[in-house]
Amino acid sequence: MYKIARENLTALFQKIAADQELYLPVRTADQVNFGVWTEDADVDLDTLKSVKSPKDVFFPQSETLYTCIRDGKKLKVEPEALKEQDFVVFGMKACDLKGVEVLDRVFLSDPVDSFYAARRDHGTIVSMACHEPEETCFCKVFGVDAADPQADVATWMIGDDLYWKPETEKGQKLTENLADLLEKAEDAGSEAAVGEEQEKIRTIIEKLPYSNLSLEGWNGDVLMEKFESPVWEKLYKPCLACGTCTFVCPTCQCYDIKDYDTGHGVQRYRCWDSCMYSDFTMMAHGNNRTSQKERFRQRFMHKLVYFPANNDGMYSCVGCGRCVEKCPAALNIVKVVKAFQEEEV
Amino acid sequence: MSIEAKEEFRPKIVAFCCNWCSYAGADLAGSSRLSYSADIKIIRVPCSCRVNPMFILRAFERGADGVIICGCHPGDCHYTSGNYYARRRMTLLFSMLDYIGVESGRTRVEWVSAAEGVKFSQTMHEFVEKIQSLGKNVRLEDLRCRK
Amino acid sequence: MTNQKKQAELIQEISGVNPLKCMKCGKCSASCPSYNEMDIKPHQFVSYVINEDIESLVKSKSLWKCLSCFACVQRCPRDVKPGKLIDAARQIVERQKGGDYLTADEIPELLDPEIPQQLLVSAFRRYRR
Amino acid sequence: MQEIVNRAKELLADGTVKRVLGWKAGDLPYNPEPAYFEKEEDFEDFVYNGFCGANLSKYMIEASKLEGKTLVFLKPCDTYSFQQLLKEHRVDRDKAYIIGVGCKGKLDIEKIRGLGIKGIESIEGAEIEDEAETLKIQTFYGEKTCAYKDAMLERCHVCKGKDHMIYDEQIGESKETKDADRFAEVEKIEAMSPEEKFAFFQKELSKCIRCNACRNVCPACSCRKCVFDSNKFDSSQKANVDSFEEKMFHIIRAFHVAGRCTDCGECSRVCPQGIPLHLFNRKFIKDINELYGEYQAGADLEERGPLTSYQFDDAEPGIVAERR
Amino acid sequence: MQRIGVFVCHCGTNIAATVDVKKVVEMALHEPGVVHAEDYQYMCSEAGQEKIRAAIQEKNLSGIVVCSCSPRMHETTFRGAAERAGLNPYMVEIANIREHCSWIHKDMEEATEKAVILMRAAVAKVNLNTPLKPGESRVTKRALVIGGGIAGIQTALDIADAGYPVDIVEKTPSIGGRMSQLDKTFPTLDCSACILTPKMVEANAHPNINIYTYSEVEKVSGFVGDFTVDIRKKARSVDMSKCTGCGVCQEKCPSKKTPSEFNRGLNNRSAIYTPFAQAIPNVPVIDREACIKFKTGKCGICSKVCQAGAIDYEQEDEIITEKYGAIVVATGFDMIKLDAYDEYAYSQSKDVITSLELERIMNAAGPTGGHLERLSDGKAPKEIVFIQCVGSRCADNRGKSYCSKICCMYTAKHAMLIRDKYPDVNVTVFYIDVRTPGKNFDEFYRRAVEEYGVNYIKGQVGKVIPKPDGKLLVQGADLLDNKQILKEADMVVLAAAIEPNPDVRKIATMLTASIDTNNFLTEAHAKLRPVESPTAGVFLSGVCQGPKDIPETVSQAGAAAVKAIGLLAKDKLLTNPCTAHSDELLCNGCSQCANVCPYGAITYEEKEVNDHGIREVRRIAVVNDALCQGCGACTVTCPSGAMDLQGFSNRQILAEVDAICR
């Protein structure tokens, strides 16, 4: 284990950014999101949750797939290059890491998404434990330990020190590169400090209102029963059909592929899509889900039923609580789970 | 011509002209041989009120450096009131563009009657000069449309 | 470019007058109080400028007979304003003498018996506006 | 609150209304959700407190399609939206029973979070009966307090007034909350240089994730299908591919609601990225007021909107450059 | 995918001299959808049109682009050619590479580049064109003539003779107009009244003509073939059905201090009056501003003396609403105000008069009974000076930029008449140019000089100075003799410029007819459609379109009548198919479009729609094709884009924008 004083972090970031891109929580116009580090970026490591999850580091909101350039009646097709440079993501929380695990299931299983895979290969993740979890968090429900964020490097911000623990080969390599800035912290005091912090985090998490949410009855086997439940009819009513929940979510992975006419050709790109949108999976004949109830149901069925059915029981919710915070109509996955519980009692 | 002259800034300017007055005014400028810059390209619309703010933003998105809308003089609209609506719409739109930091000189509305070939040509002259002085539109351009 | 042509252009530049707009109505000559004193009449000024015969114009008596009353300027229906042309021709003469670009404040000090009085009056009238 | 509940139950019982559109208590102290109540026992969860800030007018578009009357609780500012929707034939007056509720300013959880208060367990002082000027907030990290005022939504500081524009009956007291000039922020931007303006909006809009929350919550954005969802203008977009698109989206959205926007402030309230979207709408409102005379959308049913009317001597578009 | 043909016209050298037409053809073949491109000398010629026809049929084209002159010039021609080849005429787009390109650019490379871009925009548009079919609308077989001067009378007579009912609306109490104020006419020296009065009588008596005098057009709505017009019949205070025109009321009226409009204010009239003796109708009106009864409530003499009991103080304005198929504007002219020309002392001396005032003085029914005398002292003038071009041909903003056209001739007429009647009077005319293009016109002018000894001096007058002794000192210049002239005169006559009747602005606005900077109504085409306004169904007669003398006015009046008759003779008109349409799946029913529609063409209906499986009853905007004129105001007001304009659709215009900015 290593440590570095908080005041030296800028030097650390400088060093990392010297030869690769560095993504970390940056405050822009009063909001914290993951962004590229620059000298004048306002780095914010104290805000628990970035507005958007950092999934866009690996799966950007929009990315070009290829470009067609028209020359008279001839067409030239230029595929977009895959990510070739290494980069570092600093400050991902345990829930976001779990989110990446979910995305891996989708994009790295056959057929492999080469754009995503290239980014995963080149990215080194430095995680950070959640110093002060909040009332919207329910990662525990999904077996996530916010106090022990497993990544290439795990870190804990304790007081004025950042404790740094490489966990993988990639993490080790990064640590070596930063050797002159990181201070060895193999002593018992450091271990104890981290242990104490972990304990503190876990104690708070036990107390959080959502931590004992039960997911009993939510699995791949209850498809028809849940699908046909009358509860949805009541639940969806306040939903405004915006895409906030899906766009802040660390696991939502649906995208649309669109063409942009540049005037001298076409740029084909993909961009996040939201199952809440009326034109989600629009096809020539129209739409699969014509009502907001169906669209609303889709999101939660996918997270809690369809996904576990296809992925060895793994839910595609990680309990980060972003949707709880951001939904304009105060709807969220927790309310959905609870509503079914009440109904079933 | 020297090489430098070829590299000079040639703005792209879209002019929306109403069919009844301004387009005819442009025709008159043509038949009177009143020259103006070839950077101006005219799109014929039935009335200035047909010009949707989307058209203007789209032109800028596509790399236009200036957009000018010409219609009948207030009171002379072929459709009685079209240019009055256009006047309000464009005033508000231009004000918004100015508000978000787009130079207000990039947009203009001018009333040109069918008899005002001279005015048409002069207006186009002035507008091209203005755009020349403002340079390339970079604030509203969609970079994907660049060649 | 010949000197004459340059001067003709200079006159147009100084006066801001486009002599081609003249329709030869003669209202300037009809309005002119010094008409009889002049060898080149006000309406003819225009054609001298058009024909680039500035030398004759500059040498003419008329140059210093114009009172700069600007009646012709006021009444010209075509915005040609012969009075301004005359004024410009005078300036050319003065510039050739080196008395270039006077400001109104400098005039009193420069009062020189050699400067024709007409020019002074004209200058004052011009600056009064 | 009890008064509201009692009255709602009464109207439900006597058959005046078929359902009640109100708020259901959330699972956190601050997240009640809009909900329908159809039976007396449903009211167990009914809540009406400082966090019930959502403008229920927009829900009335759907409610107008239901059979029978819907009782809806509207704050003074919501009634402008309802009336504007009525003007545009998007809601049915006969299907609505409007209880105009008093308003003492509504709370914004983001404001509270912005004060560094996190891990919230409970909040005291947010009930409408509470006269307290301070909120007492119990958190996992200790007890915090916060002035009610400091936790109020931006829109309440520039409140249009506490009169209901349209209602069947009124319940509850209101308290003046206006303590700021509605156009001060707009004026600040207007005074900037073009470069500063551009930088300001560039920074704000770079956060936009095109979630459409602003659009979907907006009572003026009541189109069955938004131009940005249809292919009518080749403008269908789902993501912020280029910084220009966000500008296009927000400018056009603001333009489409210009003269119809009541300045209810919902767009800014719901933006997950905290973009002050009301600055666009308020710019239009300010221009309209200055150029075409004071106009408040939703204030009446008859007056023509400023973009569907004109005067012979309206200002020319060149005024934009002149005013600079 | 469309199959598009591109046809590039050389227009002789008009286009080909500055645009490399071959290059445009070559570039066209690179454009999406283009399967054919060719160039030709004159595309509008029969041979050119034949090429278009052949290509459409041989290559099975679905749309064509003609790169040529303005669509305002030949769009109809090419649409016709397309239609004859079996192609829908609205599948034709014009790229204007003449007026908007070759004629204004000199550099070949630059002009060619622009021509290519204009061609591209047109191709991009036609790719999105859809075949359109014009609708039909009915024609109301009745015409309205606004203005009862010689132009209006002639037009009305011609239309009426063809068998269609016509209404004349005249603002003043009598028809007759300016011509009724003239004494004699050039170049024949006929008495004006002698030739006008029979026409007035004929119009009055014509079974197909209905005359509304002392009336004004208040409101116009509708469109070609189906105008609805509100006419305000001002209260005359005299019952037209009872009045016998005996004239006693005018004689007895105690209020006789109102300047006579007819006599240009040179004398006064009574408060109850007919403007002139031959007035039609010969029914007086009460000028309520001047009438003692209306001002004080006392008097009522006219009522007492009227044996027919025609006086009606209670009469009120009446609004008549009538439908018309065609409208002819014949609003005529007035003299300009001379306030800006103080150098001529018009406001300072009564003996400085305008030519129209001279007409009244020379007229036997005029203020002086036809005696030529000075208005200041009644003495016979010995020396008269005429000044030409007062306010005409002015480049500054004091006067008018145009030549008033009639002054040279009427001045020659006046000079001649004076010299004929009063040989001892010297007449001098100061002129800039004497313009006499017209049959027997120059001969007429030469007679004035040669036979009547009128003294013509080339040179404008600088100023007129009234002297204490009542004489006028005219300071002019003789440019040919190079002399300044100081001339003493007893009378000075100013040939003031004429200008369209100021009311024409209001009328033009109501008719949505366009007007030029001088307030003359614009014709649809300066050469080929001189009597039609660009607004369909509106025709122009007389000086409202531009300065004219009487014979010209009468011939134009006839021409306007023929155009109107041509319209009225049709039972149905094809309507412009470029109308707005609302997409029922997108329409919100919010009524904003109806609010901005100037034609009231948008209504709403409750309709069941099937929106991707959801069936519901919605409030939907419906456009009435016959009323919609295709301005597009609604399309921009519609936030959802439900409202679109055929022929100028959102996507078509955006395609043009894209093509230009490419």
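Order of writing sets the chain letters: A, B, C, D and E. Residues in each chain are counted from 1.
Following the convention adopted for this analysis, a residue touches a chain if its C-beta (ideal position, glycine included) is under 8 Å from a C-beta of that chain, and two chains touch if they have at least 3 such contacts.
The structure presented is a predicted model; accordingly, all values stated were derived computationally and were not measured.
Novice: Under the document's definition of touching, what chains do chain C and chain D have as common neighbours?
Specialist: E
Novice: Figure out the least number of contact steps between chain D and chain E, where 1 means they touch directly.
Specialist: Minimum step count, chain D to chain E: 1.
Novice: I need the common contact partners of chain B and chain D, sorted by label.
Specialist: Common neighbours, chain B/chain D: A, E.
Novice: With centres defined from CA atoms, tell me which chain sits nearest the overall protein centre.
Specialist: Central by C-alpha mean position: chain B.
Novice: If you average the Cα atoms of chain B and of chain E to get two centres, how far apart are those centres in Å?
Specialist: 29
Novice: Distance-wise, how many Å sit between the C-alpha centres of chain C and chain E, to the nearest whole number?
Specialist: Here the centre of chain E sits 43 Å away from the centre of chain C.
Novice: List the centre-to-centre spacing of chain A and chain B in whole Å, with centres computed as mean CA coordinates.
Specialist: A distance of 46 Å separates the two centres.
Novice: What is the distance, in whole Å, between the centres of chain A and chain E, each centre taken as the mean of its C-alpha atoms?
Specialist: 72
Novice: Can you list the residues of chain A that touch 2 or more other chains?
Specialist: Where chain A meets two or more other chains at a single residue, that happens at 260-261, 263-264.
Novice: Where in chain C do residues touch at least two different other chains?
Specialist: Not one residue of chain C touches more than one other chain, so the list is empty.
Novice: Return the residues of chain E touching two or more other chains; collapse runs of consecutive numbers into ranges.
Specialist: Within chain E, residues 596, 637, 650, 654, 658, 661-662 contact more than one other chain.
Novice: What is the complete set of touching chain pairs?
Specialist: After working through each pair, the chains in contact turn out to be A-B, A-D, A-E, B-D, B-E, C-E, D-E.
Novice: Quick check: in the complex, which residue numbers of chain D touch chain E?
Specialist: Chain D reaches chain E through residues 65, 87-90, 221-227, 230, 232-234, 256-257, 304-305, 307-309.
Novice: Provide the residue numbers of chain E that touch chain A in the complex, in ascending order.
Specialist: Interface residues on chain E, with respect to chain A: 30, 32, 612-614, 658-659, 661-662.
Novice: Any idea which chain A residues touch chain D in the complex?
Specialist: 28-31, 33, 48, 51-52, 61-62, 132-136, 204, 207-210, 234, 237-238, 240-244, 246-248, 256, 258, 260-261, 269, 271-274, 277-279, 324-326, 328-332, 334-335, 338
Novice: What does chain A use to touch chain E in their complex?
Specialist: My answer: residues 72-73, 261, 263-264, 286-287, 290-291.
Novice: In the complex of these two chains, what residues of chain A are touching chain B?
Specialist: The contact residues of chain A facing chain B are 260, 262-264, 267.
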